[in-house]
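Naming follows writing order (A, B, C and D), and every chain is counted from residue 1.
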Amino acid sequence: MALITGYLVQGGQMLLILLLAPLITGWVRTLKAQLLCRRGPSLLQPYRDLRKLLRKDVVLAGSASWLFRVAPYLIFAAIWVAAALVPTFASGLPFSWTADLIAIVALLGTARFFLALAGLDTGTSFGGIGASREMMIASLAEPAMLMMVFTLSLLAGTTELSAVAQFMLTADVGLRVSLALALLALVMVAIAENARIPVDNPATHLELTMVHEAMVLEYSGRHLALIELAASLKLLLYLSLLSCIFVPWGMTTAGEDLTAYLTGIAAYLAKLGLGGFLLALFETGIAKMRVFRVDQFLGAALMLGLLGALLLFVSRSL
Amino acid sequence: MNSDLGWMAMTTLLAIPAGAALLLAGLPRYRLGARLNAGAALISLLASMTLFWTQPGANVYLRVDDFNIYLIVLNNLVSFTTSAFSAGYIAHELETGRLTPKHLRFYHAMYQALVFAMNLALLANNIGLLWVAIELATLVTVLMVGIYRTREALEAAWKYFILGSLGIALALFGTILVYLAAQPVMGQGLPAMAWDQLLTHAHAFDPALLNLAFIFLLLGYGTKAGLVPLHAWLPDAHAEGPTPISAVLSGLLLNVALYAVLRFKMLMNANPSALAPGPLMAGLGLLSLLFAGFMFYRRGDIKRLFAYSSIEHMGIMTFAFGMGGPLANFAGLLHMTMHSLTKSAIFFAVGYISQVKGTQRISTIHGLTATHPLLGWGLVAGVMAIAGMPPFGVFMSEFLVVSSTFAREPWLALPLVIGLLLGFGTLLWRLHGIAFGESQGANMPGPAPVTALPMMMHLILVLAAGFWLPGPLVAWFQSVAALLG
Amino acid sequence: MPLPLLLSLSMILLAIGLYAILASRRASCSRQIYGISLVICVILLGMALTHLLNAAAPVTLTLPLGLPWLGAHFRLDALSAFFLIVVNLGGAVASLFALGYGQHEPAPGRVLPFYPAFLADMNLVLLADDAFTFLFAWEFMSLSSWALVMAHHREPANARAGYLYLVMACLGTLALLLAFGLLAGANGGYDFATIRTVEMTPGLAALALILALIGTGSKAGLVPLHVWLPLAHPAAPSHVSALMSGVMTKVAVYGFIRIVFDLLGEPVAWWWGGLVLALGGITAVLGVLYALMQHDLKRLLAYHTVENIGIIFIGLGLALAFQSNQMYASAALALTAALFHVLNHSLFKSLLFMGTGAVLTATGERDMERLGGLIHPMPWTALAFLIGAAAISALPPLNGFVSEWLTFQAILLTPELPQWLLKFLAPAAGALLALSAALAAACFVKAFGITFLGRPRSPAAAKAQETDRYSLAALFSLAALCLLAGILPGLVVDGLSPAVGLLNGGAQLPAQQSQPWLTLVPVADVKSSYNGLLVLLFMALSGIFAAVSIHRFASNSVRRSPAWDCGFPNASPAAQYTAGSFAQPIRRVFGSVVFQAREHVTMPPPGDGRAAQFAVQLRDPVWDCGYAPLTAAIIKISTKLNYLQYLTIRQYLSLVFGALVLLLLGIALWR
Amino acid sequence: MHSLEFDIAHFLAGSMVVISLLLLYQDRLYALLKVFALHSLALTLAVGWQAYIQEAHHLYVTAGIALIFKAIVIPAALYRIVRRLGIHRTLEVVGGVGRDMLAGAALVALAILVMLPVTAGTDAVAREDLAFALAVVLLGLLLMVNRHNAVSLVIGFMSLENGLVLAAAGARGMPLAVEISVAFSVLIALIVIGIFLFRIRERFDSVDMQAMDAFRGERRR
């Protein structure tokens, strides 16, 4: 019986994040608009966009291959699975041991790999720009992320996210420098990975500055919808990752009763709202940087992560 | 009865070449001469083989023991294959007009005389006789090196002659000193020059005289063995003489000279208070090895290139014997055998190559494996064998030398390894140019596959030795290695 | 008694090599040779598998060959069985591929005799149980592969590659020779059984370790001994490149493991692990950075071999570090990771090289700048190559990810190490590993994207044809293995555990079959776990769910039209991103530091019809600092010494005279 | 009886060393030939004396060879060659005669130094004879090395070989002494013939580099 409910909760979580993802994107957009003293679109605008895109035909470039048509589904699947494996409102769900944090990072890597290939597939110059810059950014962001993972797992003694979350809930964590460094690194990586300002601008089509948008330039209709949805899923993933690692409070564990789950969901939503707000604030606060400053930005993130890990390695032996 | 047969064999070994030399000197027809030459060599080869079964004892002049028996067989084997090779080779020289039938008569006679001299040197039990034989060999080879009568052939012959006679003079002085050391102990007369009896009494000799003697002998016979800095005659003599003679020089005469040095090394070892000859030989060996390694790189003449390779390998052997110990000595003896087989095979190939390309200049020889697969691949196999690549026999000896040296004297192994690597690198550099790439220049049709048989046979022997060594050979090597200390 | 059979099969391989020398002119010969090789490799593979899987006891055999008083010793234990699997799997697939690919060989006479010999030698290296036999087979392996590299000897580049290769191989062999000389001692106990028993002083053991590193590293392509590898591997025919890169480097790794973990016994000093770890990390990152700068497809792959060797050595270094602190459980994890990566790399690297071979036969091009759009004419090759590329980029759910994940897990155990230097080194190595993984992904987006995607950049690429069915069979068998090893890692780990136990004083990873859903749980399920099968399942389900629901409830119609490209449709194929331009951002970020990358742009003034010029100039730091000065010195010395060839007789005489006087003085002053 | 015989032998051997030094001192070809004849004469006497005191009659043969061959025939032959080839008369010495003399003295000292540790069996006189022989050998070698001229090279070689024969004769009851001296005479005859045949002129031994390039395919880069 418990097993069945467990599976149900897991499935529920998967659907929940799928439904929540566009909402977060809309939430951030609206906030940004209002911070710029515009009214901005409604919260539900992303859903409408998706519906519209799904109804439209796909317009394929003549030189597009089968890979171009398969890629969106692959990307969507990879990111959705990755997002579903991050504890949101409850830790220790039945399949939480399927993949640890390293594997989740790698799943995002899979999605990025195919997105970049799709960018190259039509043989247009913009796709190439986007792909090559995306891979350059990733080549620094991924190690930074993994350094952050090292720090965590050295603290918690595990790379399982649920276990990490439960460990963070316990008292004996205390306030640690390494954690702060890790948080900083993770935030920077999250910004880069989600193509947010200052690394990239999700709203621009200025050719020379865009990265993510350049890759998906040739996509249209349902393919574009899938990719948009995947992008917002990714944003959601990072937000819930931050929340479950650094602010796990209010998260329940599997096998609790319904009320616990509800409180967990409520806490989760609150955290997401806060995260979105901070993101919007940050994005409106600063300007986009040149592409060849990004490597310094991410190099800093990598160094922070490494520093955190080293500090722990040393402090372990003290 | 058995030993009688042995004595018969020994006398045959000396009589046949001597007789053949006289006969050939009077024989005008060169084709017949070539056949006779090969035939005589074959007979003495068979005679030498009978020594396997019969162990003749020793008298004050001659003896056969574990040390020289396989060298004798090797000597006659290579001289036979070389005579077979030269039959084909010389005919071509006649066509190109580099030689005349008159020269050939002389050539064949001298060839047998050389075989006689080397057999005598190997069989000699008397150090004086040994010296005489080696002097004879020197004179004969001098005459053969100069046979082409070209300016540089005479140049080379002259160089060889002067340096060779100096070496002989030094060797003689050493021999006299040995006798002087022996005479108070063993009394006057022949026994005091018979090697086996010297060995039994060596412990009582005056060490200072022995030291002096050994230095003169090392320098004297070392000149013949082509050790740096006494090597100067060797490259030119190899390059300017007829190729069969180069093969015999590299394959056999150097061995004979080294054999003489080793005989005296045994004497030194037998005397506890004499200075240890090991370090001296090891030093000279390393010097030769490194020097040759550097000299490969600049060589433009293919025969001179392989002459330097002979210097390198004499260096390796001398080093091995200088190191001493059962492993290194075994390696040295094995290396002697493998080197003479391989190097003569290489010279066979080189001879044909210089004939089909009409030149000895490396810079004009390319892509032989494409144009003349037999010669090209034969040369590649030979060079790989001489460079100590498996599955050839040289690999075993180099394996033993390097590993045993490093286990005992790490600091000696370092220059050894550097020298080996250097020599390999520079030699391979040359080989690449010769065997691969686009062919250019004249391409006369290669020789008939039959004429490549001697080369093939040598390479196959070396290959087989790489996998498996026959028991008796191993037994001889080990007993001699024990004697060499 | 499998050993005699194994040996005789290897002998048969040698024999058919000899047969090929005579028969190579006949057209049918190639089919025969590759067919027989295939069959023999499959048999060997099966025997090795059975020996490993039912964890049989080691069997030994001595033949009266080789060193007379020693004989040739052979031994089949778990370690050699595992590497036999790697070798013969690679060999079998390469032979299968060559059944089709070999038909296009311009000079079969230079390939067929050496190919089976090469296979046989690699098998013999793995079976050898004494120093002489080992080195004999080792060097013979170098020789036969050299001959294969020289197959197309008319291109000067190949000749240079072959030369450099053989010289470096000789260096490695000499280093190993010294190492064995040290291990065997002065009276030459060359068989491994004796060597295992000798006790060595720490200094000598360390020397042996360093020599073993030089010897095997020069064959495996460890920086800075890697210079020959990216030249030699591409020069050979593609199925041979696959063998050299995918398999022969593994034989080198075997040599290292055999000497350091087995013969040397317990690592005596902790810094051994540190040394190997550091070398591995540097090798991994440098290798992938080199690879990113290439636009010759085969050379790119060869440099990736360097990177993966680095990853393997990171695992081995960790194992050494753990063992030197008696942390055998952790050492077991590190060793498993290393061995797993050995298997993985042999799989996907062979796959990628063979895919390149297919491209080469279809277009005659290796230069990515002249390829492109091949996914349309040759979709199947593209699919297989894509799987290989994803696997080598360590993407789940494929196999490359599993071994790197295991390596990460091993690094996460390093805080328990007491030594400070290792504490600092381990996370740094982790960072390098992560960096190399990410860069590898970038590199293979480039490799696959530029070669197979986009539009053809040359007529040759436009006229390409799908490759033959033998090659496809080979490619897809490897691709399937990549996927299987990725989703069922537990089984592979269990298969490896006997070998690990052999090297690790019996300590192994816990058995994995018992885990639910075949999850991979290296240490304990509270620490970390990964389940490739479920990941694949979930991805498939969600992807299919999305596809079905969209096609069912939303539109599924498609219109074709020229690419939009921000309003520049139908730009010429030259306007596409090229390999060079794809690598440009990374070149700016890393290359300027490592390779002193310089970009020269000459732009003609407006109105001038001439084409603009763009040139990139890279310098190889290793070559500049290490090899160039050495060769210069050798040439200089040989030039100086060469004057000795031209002295006069009088001067030669004075040389002799000097030697004599010197020696006389010597003995005069001796006492 | 002991003393006188050995004193004479001793004196003869010593005189050979002195003559060798004189050879070093010569800077004119004809004079060199004359002094060498003297050298051989001294050898003849020494060997003859040894033959007498050792009652070794075969040594008389050696002495005869030395007298006829080395003291008369070869100098005469060389004399003719010098005339025929018109080798001009003065020799240049590598680094003046003075240095040669010093070097020669040093070599003699070395020879004695080397012989000093020799004690066992051989009595003092024989030891010094041996030292003299060694000195003659070394001086001959020095002569070979330090002259730019074929004839002087032959002279040097022959004086060296005189030293060998002296040593051989001094060695009591040495077998094959005759054979060896005969063999050596052959050798020398060949050298002389060589000079005669090859028409090797003055400075014959300096190798012409360009010619080497052309002929031997040796390129000196």
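A few points about this structure:
Basically, a residue touches a chain if its C-beta (ideal position, glycine included) is under 8 Å from a C-beta of that chain, and two chains touch if they have at least 3 such contacts.
Values in this document were obtained by computation on a predicted structure and should not be read as measured data.
Most remote from chain B, judged by the distance between CA-atom centroids, is A.
Here the spacing of chain C and chain D, counted between their Cα centres, is 68 Å. Each chain gets a centre from the mean of its Cα atoms; for chain A and chain C, those two points are 35 Å apart. Separating the CA-averaged centres of chain B and chain C is a span of 44 Å.
Chain geometry summary: the mean Cα position of chain B and that of chain D are 31 Å apart. Residue numbers of chain C whose C-beta contacts span two or more other chains: 639, 642, 645, 647, 649, 653, 656, 660, 664, 667.
Residue positions 114, 117, 141, 144, 153, 207, 212, 218, 220-221 of chain D each touch two or more of the other chains.
The set of chain B residues touching two or more other chains comprises 158, 162, 166, 208, 212, 298. Per the contact rule defined earlier, chains pair up in contact as A-C, B-C, B-D, C-D. On chain B, the positions that touch chain C within their shared complex are 158-159, 162-163, 166-167, 170, 208, 211-212, 215-216, 218-219, 223, 229-230, 232-233, 235, 275, 280, 291, 294-298, 325-327, 367, 369-370, 373, 384, 387, 389-391, 395-396, 399-400, 402-408, 413, 417, 420-422, 424-426, 428-429, 432, 436-438, 466-469, 471, 474.
Here chain C touches chain B in the complex through residues 64-69, 109, 131-132, 135-137, 139-140, 143, 150, 153-154, 156, 159, 162-163, 166-167, 170-171, 174, 177-178, 180-182, 184-188, 190, 634-635, 637-639, 641-642, 644-645, 647, 649, 652-653, 655-656, 658-660, 663-664, 667, 670, going by the rule given at the top. Those residues of chain B that touch chain D in the complex are listed here as 126, 128-129, 131-132, 135, 139, 150-152, 154-155, 158, 161-162, 165-166, 168-169, 172-173, 176-177, 179-180, 183-185, 187-190, 192-193, 205-206, 208-209, 212, 236, 239-240, 298-301, 304, 359-363. Residues 94, 107, 110, 113-114, 117, 138, 141-142, 144-145, 147-148, 153, 205-207, 209, 212, 218, 220-221 of chain D are the ones touching chain C in the complex. Across the complex, chain D is touched by residues 639, 642, 645-650, 653-654, 656-657, 660-661, 664-665, 667-668, 671 of chain C.
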